[in-house]
Structures are given as structure tokens and as C-alpha cells.
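Dropping the structures in below, format is C-alpha cells.
There are two complexes below, and they share subunit A, which is joined by subunit B in the first and by subunit C in the second.
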Partner chain A sequence: MLNKKTSPVLSYFKRNIGTIIGLLVLIVVVSVATPKFMTQSNMLNLFKANSVNAIISCGMLMAILMGEIDISVGSIVGLSGVVAAYTITNLNFPLFLVIPLTILVGGVVGLVNGFFISYLEVPAFVATLATQCIGRGLTEILTNGVTIRIRNDVYTGLGNSTIGPISITIFYAVAILIFTWFLLNRTRFGYYIYALGGNKVAAQYSGVNVRKFNMLPYVLIGLFSGLGGMIWSARLGSAAAMLGSGFEMDAIAAVVIGGTSMSGGVGTVGGTFIGILIIGVITNGLNLMGINAFWQDVFKGLIIMAAVVFDVMRKRKKN
Partner chain B sequence: MKKVLAVSLAASLTLAMGTGAMAEEEKKYTIGFEPYTLTNEYFVAVQDGFMKACEDFGVEAIAYDPQGDPTTQASQVDDMIAAGIDAIVYLPYDSSSCRTVLQTLKDNDVAVVNIDTVVEEGDYDLVDAIIASDNLQLGHLAGEWVAENHPDGANIAIAHLQTAESCIVNVEGFWQGIKDTAADPDAYKEVQVVEGGGDTEVTFSAIRDVLEAHPEVDVIYCINDPSAYGAIQAVEDAGLTGKVDVIGKDGAPTGKHNIKDGKQVQSSAQRPTYMGYQSVVTALAILNGEEVEFNTAIPSYSITAENIDEFDLDAWDSLEEE
Partner chain C sequence: MKETKLLEMTGITKAFASNVVLSGVNLTVNSGEAVAILGENGAGKSTLIKILGGIYKADSGEIRIDGEAKTIPTARIAADYGIQIIHQEIILVPDRTIAANVFLGRELKNSLGMVDAKKMEEETQKVIDDLHIDLRADQMVRDLTMGMQQLVEIIKVISADARIVVMDEPTSSLSQGEVEILFGIIRLLKQKGVGIIYISHRLEELFEITDRIVVLRDGAMVGDVKTKEANRDDLIRMMVGRELSSFYTRNRHKIQGTALEVKDLSHHKFFKNASFHACYGEIVGFAGLVGAGRTELMKTVFGAYQKSGGEIFLDGQKVEIHSPQDAISRGIAYVSEDRRGEGLILKNDVKFNMGLVCLKDFVRGIRVKNGKWDEMVEDYRKKFSIKITSPQQLTGNLSGGNQQKVVLSKWLAENPKVIILDEPTRGIDVGAKAEIYGIIDELAASGASIIIVSSELPEIINMCNRCYVMCEGKITGELDEQDFDQEAMMHLMTTME
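Here is the complex of A and B:
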């Protein structure tokens, strides 16, 4: 796919030049506004704070690449987190059961999503809206509105330990980013995802098992979100009914800002990574500057709008 | 022998009918409970108190859960009227837009006890009694704690829920409490106010950033105990354990456990169970034509490390507490 003569670093910059400039401008503005931004401690905090969004965005990227969407990810984070807290605190399950169960819960919801979308041809927005509601309902039933505490140092360590000065959650995020990059760029699976988003009918005629490859990404999204639920419940040492609500919005924003086309077929992990950082710097920067959180939403919205306009203009130029 | 049997049967029958009639003479009231959601443990505690009182006084109870939807709440109130309630314990979804519902209740001669979320003053003519927490005092107690334990002043961050009127009053009360108690109120500085949404995870993320910008923070005032839990984790995450005092609010089980564990310093208690119980007592008094206090503010009390052992950690409040 890449021109072999240009270096991958150069082509990366070329491809994402708009978002990279956007990120740099943002960083300069925030750094000038507050000296607290460019410190080692805050940088580690910034990456840590966005590690779960990075993991979920990798999943969201796959859905959007297929020209679809998954708005159930926030509910899956909540459900997995609550399942972890419930099985540890209320049922006294051993951790070697709890951890796989927590992540698998996400996989099961993802499987349901994928099955309905791919085999029953329910529109992705509607199918995942349904599981979003069901998932949130189940977290409310399990918690009964009460925050469930997790008093297990080994489990909370899954979110709170550090390797050197770097939080373990950053390592999870890096692993998922690399995994997703590899999947999308070096495997048949990834090739099919792009093909499905580009032209589903053409993909079908060329012999791709469309149903199967349309379903599997949702299982991965579910597993990623389940991991997100594990990380958050461990970091907070608890899980509440509203855990993860709204997470889908930050993930969609990161993917779209990263230059992924909502109609599918176009987008990269590298671009999404920059999108994640832009979202992260906005939140962190405005917090450091002491600006009310309500403004953060306004800024995020403006930047999403700018990214989409940029995408539309680029397409028009090509045509 | 047959005759004796028949007579005794007839006698016991008339006796049974007699007692039945006697029970009917003592009119059995039906009271409806309409919170705006039961997905929040606080409202579950209110309902527990309501149910307990209905049981104690032999009142028939009807309770619905509109799950945070004001339109559902309005239609459920209609259903209750159709079911023949005599009084309703009403916790409106939105204090400013419930006049039509109140009017419907009035038109059907249902006594209204408005609890927790107080209707607007312009609608006072349509309610018979109001019972709510004293939001100013809840904040005041926390402010007093800060003034007493940081006599030389403090840098204060606030994890707010800016969309809730009660929380705005809480924060007002908090500063008032410092002002009324401290020798030098000017030594207490508001470093930053963040939106925590009353939620553990949202507050965690926001406070974590605040601690980067302002490591000099001494006190974090959170408008409820779940958000205080998030602040506690953020303090630990920033490596500032022991240097920052986290204050919650409501006396929720979450907050009590954290006080017991030494992670949280104070929580001003709300009394949802008591509120639910009192609402029935008041409704019955109104139905029996007795004079009742129109507007009751339930006094709060401060829960700290010193008195935490007096409380049941897993419950909100008990009816015996004063």
C-alpha cells in the first residue's frame, strides 16, 4: 500500500499533516497558558488519563472503517467494571476467574452486536443503541444504584501499578494500539475491514465472507471495552452504575478528528492516535487552566467540526 | 348436636362480620410514593423509610419508579389518582415544571407532601407540606470542619455538580461555614472549581488534573460521597496521600466506609430513611385534619473519624438517630 521509496515516518507526517499541526498548535497554546502543562508528571498523567480512550478508540476505528458505528462501548465499560466489582466483592470469586470474565463480558456483548448487525442486517447504530440500553440497565440492576467497592489490592493493582514512573495502563494502551495497527495493516482481516467499508457489495463479489468479517470486529470492540472496564474499576477501586457513560463520544471524536471518514474505508491507527491526544490535551489543558468543564465540550465540538470539514474538503479536492 | 353446631357457626359468622365492619370503620388510607428515580441508592433509602411507615401505620402503599423521566412521572401520578390515593409523597423530577401535575392532584383532592426536591415558591399553594434536607446546613457543617481543622487557612478545590440547585446551596453553605467559624476567613482560598458530575470516574479525572495544576491544594470539597471517592483515588494517584483532606456529603455508605478507612475526613449526613418515614407521618396528619408544619428542614449532623463507630456503615441513616 505504501510507496516503498518514501520512509514510513515521512508518509505518516504527510498523511496526517492537518491533525499534527492542530495538535502542535494546541500544545503551544496550552504550554504558553500554563507552565504546569509541559512537566514530566503531567505528561505521564495525560497519557495515563487517555489510555482507556485509546483502547476504545482502536475498536471504534474498526467500526467506523466499516462505515458503521458502535455506541455501546460506554455501557460495556460499565457492565464489565460492575461485573468485576460484583464477582469480587459480592461473590468472592478468585481473580483468575474474575479477570477473564470481566473482559469476556465485553466480548459477549460485542458478539451480540456483531450478530445483529451482520447476520440480521440491523443498522449498527440501532443495534448498538439497543445493547447500550440493555448494558446500562444490567449495570443498574447489579449495583442497585450503590457503588460497589473492590477491596483487593491485586486487582486494583491492575490499574494502579507503575513500571518505573510509567503507569501500567499506558502499557495496555500501547499494546492495543500496536495490535490494532498490525491487524489493520498486516493481516487479511484488516484488509477485509477496509474493503467492507470501501464497498461491501464489491467485497462480497470478490469472495470475502462478508458476514463473518463484519461481525468479528464487534467482538474485538467488545473485548477492548471489557478491558477498559477492568482498568477503570481497578483504578477507582470501585464500580458504580454510571461507570463509562459517554465514553463512546470521546472515542468517536478521537477517530473522526484523526481523519477517519464516517462513510468508511479511510482511516488509520496513527491518525486516531493523534485524535486521542488532541482530545486529551483539550481536557487536560482546560483543567489546568481552570476553565469550566462545560467549555471543554464546546471546544471538543468545534474541533470535531473542523476535522470533518477538513475531511470533506480533502475529498472534494480529490474528485 | 347439629343444632349446636349451626348456632355456633351462625354466631361465629356474625362475629366475623362484626369485626369486619369495625375494621372498615377505621378508614384505611392509600398513599402513593413517586420519586423521580430508584436507580440511585439515596432514593431507595427514602422509599425504605416510606414503606416502613406505611407498614407501621397500616397504610396501603403504592410506589412507582419513573426512572428519571418526567413524562413517565406525570402519567404515573395519573395512574395513582385512578387507583384512588388519598395522599401522595411527591419528589418531582424538576422543581420548576411540575405545576400541572400538582394542579391535577389538587383537582382530585389528593394531599401532597413534597419531599427532597422542593417545588418553586410560586407553587407552594398547591402542596400541603414540604420536607427536605437543609442544604445550607449540610455545606455549613463541612465548612466548620475545615475552619476547625485548618485554623491557619487552606487551599480548597471543589468538585461540583453545577446543574443541581441543591449543590449550589451546599457550596454556599460550605463557604458560609468557614466564614462563621474561622478566625481569618480570608486565609481560605478557592483554588479551582471543577465539574465532577456527582460521579466517581468524572471527578477522578478532573481532580487528577487539578492536582497537577495545584499541588498546594489542602482540602477538596465534593458535593457527594461517590465523587469524594473519585477525589480520594486521584489524591492517591498523584502521590499526595495524607496531604489532602477529602470531604464528601450525604453520609452515604460509600462515604462512611471511606471515613472508617481514614481516606475521607468528613461527610454531612442527609437522612433519606427518616425523610421517607416522616413523609407518611405528615401525610396521615393532614388526612386526619391535624395542623402540620408546612416547611420542615431536616437537620443534618457531621460524620467524622471521631464518631464514625456510632454509625452503621452499610446503611444511610436509622430512624433512631437524632
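Here is the complex of A and C:
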């Protein structure tokens, strides 16, 4: 047999060596700059703060693996969060209805995205730009511009309880990461997503139902974002019209920093995980150093640029 | 015509790490001479060309141009010396005019320093007219056939005052008529004193157009013969270093009942009322020029294109095929002519590609299991002697022959009843070609019904039991193997009754 078994841990480091080094450098710089960084409570806080981005990034990874994109995720987070707040506070719905509804709202927007992209062949950027606008508009209509408070301890507990010292949101994120990894690496669905992104025509000619498998990931992205909306509204105990705004940018950044090719077909959950951590360490570190939010964006942009340039140069060298 | 030495490459040696790809190769090209470089994939042809084109640097050896020793460190300097390479792949901007493409990167400017589109069109048209090609300089490249686009590449090179033109498999996407135009151009260039280096796997072409043939094998020069004095068998022997007992494998198989029958199949754009059939154990050829509608006909049978009329029968039963999935579930396989574009996912590895069609067979519950999959890859690797370093090797890095074997494995794992092979040996070297023919023969022996679409008549004549000829979207003839005759077939390919 030609098949040489290499340790999965080793191959993981090998494949992601560039981003891992980047992450380590960041960690060292931040640790030196502020002693508050390397504490257990800060670490737990960092993971908690990035758990929703992790969930959304898993969805974004699927879109980018297909050579496409979904920029409606932030609006979906907002819409589902607002739907949760509205149905609890204004309509007094019971939670066993609210929770599935919140997540399903995301699924429906995802279904719309997927249908337009796959069956009507609307470019993904344009289709999700439209649903981004519509979704944001709907949250504004529902909230009427006023933040809706959620006074339901069971619901807010969904975002604020802890298991031991660890926030429950971290468990959601880990579950979604593992689920996505399994989906992409162990199921036909996953193989077909890679095939679609690698060469759509070849996939079609190999008997892959490209329309179906191009649409389904968007439904999943929607469901993930819906879950994100639930978590955020629960954590905040309220939902405002601008909830989730700009979330798509952090997710895209995490996926791209994680070594996923924007042209599709190449990328991993493991790489994306490192991307999420890099984004998380930047935000957290700059917060600890007391750098204001406006400057944070500048730094984040510079580091994204540096990470991608580094990755591109490394790949060019290899060829 | 005076014969001056335009280019002399002597003792060219090149190694990548410890892997010697060229050792002491000599290549001379006189002005007005067409020299063929012949060799299997991996023999060192492309490395030699890349050294000439300034992409690689030779480890040792000398390059003389017009008798003067030169170094060629970059592609731009190669162009300054008048060395122009026409690559196999077409590298044009589809939404620009021919003239804009021809002058891309060296646009002509008017006195105000602005791009002078009119002048570029005039200059381009002059070259086109010189070459007697039926094109207009202001046509969009997108609207041209693949073959015509290839000619635009040549126009581009000529307008840049090339002195040495390298053509890498220039005819692989040309129709017979376009090949004639190309050969006309080459003769014209030769008269003008341009030196031509011609790389092709099609031996017939070399005999027609070149003056001398240089044969490479495993990085060494094994022959340099005048085309007039060369013969086909000797060249093949030199190239592969062994006797190819028979190039084509063709055994008599028992032909059984009809597998596929197509009645009056039409496509609103590409073909009309096509009727044909193929039996189990039979190899049926489809001859014709590029653009005759053969590929489109096969893609319609396969469900990738939608028919506008007609019926398809499998084992005597009428079937409706609306998608490749329908076709595959009924046992029809289609091996595309465009291996890189439609056959393989180049970014993915050998194992991934091989499993794509029969992935569902590896699924237990919802999980894809690797055991059977690895076995399948190993089986086909051995069976077809596919040269890979591991199943994780990217298919984009394989040679054409190995790529084709991966595609064949992918399809054969499904045990199809009807196998449609569209240009199965395009861009594949001689050794691998013979192996592919062997595989095709075995498939027919095992009872599969095989359809070969090929632009190489010798392939059809030597492999098929029966063949159809298409011209401009119509089936113009059907011949049994005892009636195979190159001339008669050419006639059917080029004329409508």
C-alpha cells in the first residue's frame, strides 16, 4: 500500500504552520505588553467573547469553500435575536416555541439565500447583500428603533450560565466546530462541498446534485447564525436593531486567515479555528492594553493583511 | 534559401535537486527550418523549452543565437532575442478584440500618449491578411472557436517579430481545417526565415510539417534525424526505449445485444436528428472535425445538455435523461475531452477524485468510510500502473496520462454499461496512449459498450468495430471496420452529402 499513515496532530501543525506561528507571535506580544492576558479568567473570557464568531465562521467556511460568500450572517444574527426578544417580551410566547423559532428564522433566510444562489444562479455576493439589507430592515421594523428588553431568566440563562467556570456559550461553539468538522470530513455532504468548490463542472459531471449541495450549506449557515442570534440576545438580555451588525467581517477574516482559498475548494475547520483565535487575541489584547475601539479596527485590518500576505508568500515559495 | 544557424543549444544540463531532467542535450535550429522535439511526457521537452524561454536557468551548457553566446535570464529577454513560445493553453483576454490581445502589454500609442486602437487594428489586420486567415482584427476573442483563438496566439507572436517560434502541441484543439491553416502559416514563416520548434505527440503531423526530428528520452538526446529519412516505428522505439509490440490493442470480442440506441436526438443549437446505436462488447467511433457536434451529442446523451427532441433507449427501454445523475444511475459514463476543466478537481488529491462518482458506496450510515475507498484506489493504481507518490498527491501535479487513468478509475468503479470516451488520448504521450488503448480493449472484452469520440482518424480506424462520421451537427455516414478508409472518412467529415 502506498498509503502512509501520518499522525493527524503532526499533519495539522504542518498544514497550518504559518497561522500557528502568527498566533504564537501575537500571544507572546500581548503577554509581554500586559500581564492580565495570560490569566485563566481572561482566557475563559476570550473564548466566551469569540464563541459566536466561531459558530458563524463555521458557516462562512462552507460558503467560502464553495468559492462563494455569505454576507447576510450579521443580519441573520440580528433578525433572530430580535425575533426572540419580540416574541418573548411583546407576544409572551413560551420558550419551547421561541427557541426553535429563533433558530428557524435563520434557516429560512438561509434557504432563501441558497435558493437564489443555487437554483436562480444569482451571484452569492449579490444574493446575500440583498438578504443582508432585507434582514436588517426587518429588525429595524420589529424593534422600531428601540432596544427590546428580555426579562426571562431561563432564556437569558442560555447565554449567561456557566458549567464550572466555563461559559455555556463555549460549549455551543465547540459543539458546532466538531459538528462542522465531522460534516466536512466524514460525510458525503462535506466531500461534495469540496468538490463543488474545486470544480463545479467536474462535480456535476460526476453525478453530484450540484443544485442541492450548493443550496444546503446556506441553510446550515442560516441555522448557525440563528443560533448566534439566540446566544447574543440571551447574553445581552435584550435585542437592538443593530444586533450582529458587522459580524460577517470577523467571520470572513477568521476563515481567510485560517488559510481558506477565496476561490474555493481548499480550507479546513482546523485552520479556521486558528483564524478565530487570532481575531480573538487581537481584540482581547487591544482591549486589555486600553486601546480604543477605533484604533482596534485599524490594527485588526493590518494584522489580517499581514497574515494573508505571509500565507500567500509561503504558498508562492512552495511552487 | 541560405541556411544559417539561428539557434544552437549545446550540452544543456539541468537538475532539480538530485533529479536530473536534462543531461547534455543539443538542439540546433536553422533559419527557415522546423524542428520537432519528440518525447514522452517527462522526457525533458518542456524543461528544455523553459530554459530557452528564460523561465529556468540551465546548470551548464551554452546557448548561441546567431552564433553569439547569450544568457537568457528572463522571459522578457528571450522575447528581445525574438524567441516566442506559444503555449498549449490559450492565454487570451476573452472580452477584448483580437487587436487588443495581439498588442497586449505593448500597446501602440498616439502622439498624445493615448492608446491608439485604430492603428493596432490596422497592424493586426495586416498580419491576418498576410497569413490569409479569415478573421477581422476587431472581433471579440470570446466569439471565436478554440481553434481560431489558437491562431490568434500565433498572430500575436508573429506581430511581435519572432525569429524563433516554439509551438507546444499547437493542434490539440484545432479542427482539420484549422490545422491546414496552421500548417500554411508555418510554411509561410519558414519562407521568411523563421525557425520553428514544434512539439507534438501526433507523429503524422511531424512528418507533414517538420524538417528534422530530435528525440528526447529521460532527459537525454537519443536521436536527431531528418524527417525525410525517419520512419514511424523507429521514432516510437527511440522515444519509449522499448519495442511497443503493438501500439493499438485490438482483439476480437463477441458483440452482443444493443446497449444504447439513440433515435433522432436533436439539440436546438448543436446537432439535429442524430440516430445511432452501440452494442455490448463493441467499440463505436465518432469521427469528425472539432465543432461537428460530437461532444455536444455525447453530453446530451449523458444529460449534461438538454435535448430538444428525440429518444434514448437503454437495453430496449426508453429512458429519460435530464442530468448526469440520471445517466450515471442508468450505467452511462462520460469521460470528458476536457480533463482539467470537466474531468478532475485539480486542487484535490488522487483518492478524492477517484471516489467522487461512487462515493455513496463508501457510506455507512452517514459516515464516509475510508477502508473500501483506500482499497479501490490501490486496486486501480496497480491495475493501470498509475504513477503516484501517494493517494494524497494532487491530481493537478500528475502527467496527462496519469490524470486520464485517474479519471478512468473514477468511472470504472461504477461498472458502467455504456462508456463514452471523448478524445481519450488527447495530450497524452505515446507510452501512456498505448496503455489507454489496452484498457479500452479490456473494457470491451468485459462486455461494456464503448463509444470513442476522436479527432485522430488512426485511433478510430485501429480501435473501432464501427464508426459514425459527423459534420456540422449531422451524422453523415456510418462505416463498418472493413470499410474504414481515411480518405472516404475525411470526405464525410468535411462535406454535407
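The criterion applied here is as follows: the second predicted complex is superposed on the first by the 305 of 319 C-alpha atoms of A that agree within 3 Å, B and C clash if a C-alpha of one lies under 4 Å from a C-alpha of the other, contacts with A are read in each partner's own complex, and residues count from 1 in each chain.
One rule holds for everything that comes next: a contact is a pair of C-beta atoms (placed from the backbone, for glycine too) under 8 Å apart; a residue touches a chain by one contact, two chains touch by 3 or more.
Quantities reported herein were computed from a predicted structural model and do not represent experimental measurements.
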Subunit A as common anchor, with subunit B and subunit C clashing or fitting: fit
In the superposition, subunit B vs subunit C on subunit A residues touched: B
Touching partner for A:I21 - first (subunit B), second (subunit C), both, neither: neither
Contacts of A:C133 with subunit B and subunit C, given as first, second, both or neither: neither
Partner chain(s) touched by A:G207 [first = subunit B, second = subunit C, both, neither]: second
Geometry of the superposed three-chain model: angle at subunit A (Cα centres of subunit B and subunit C, steps of 10 degrees): 130
Touched partner set for A:V312, first subunit B, second subunit C, both or neither: neither
Gap in Å between nearest CA atoms once subunit C and subunit B share a frame through chain A: 36
On subunit A, the residue positions that both subunit B and subunit C contact, one per complex: none
Subunit C contact footprint on subunit A (complex, rising order): 1-4, 186-188, 191-192, 194-195, 198-199, 201-209, 261, 265-266
Subunit A partner contacts - residues on subunit C that touch it in the complex: 302, 304, 323-325, 327-329, 334, 336, 341-348, 352, 355-357, 359-360, 363, 366-368, 374, 378, 381, 388-391, 410
Contacting residues of subunit A [partner subunit B, same complex]: 34, 36, 39, 41-42, 45, 49, 140, 144-147, 149, 160, 232, 235-238, 240-244, 283-284, 287-290, 292-294
Subunit A-facing residues of subunit B, complex: 38-44, 162, 192-195, 199-201, 204-206, 208-210, 212-213, 226, 229-230, 233, 236-238, 253-254, 257
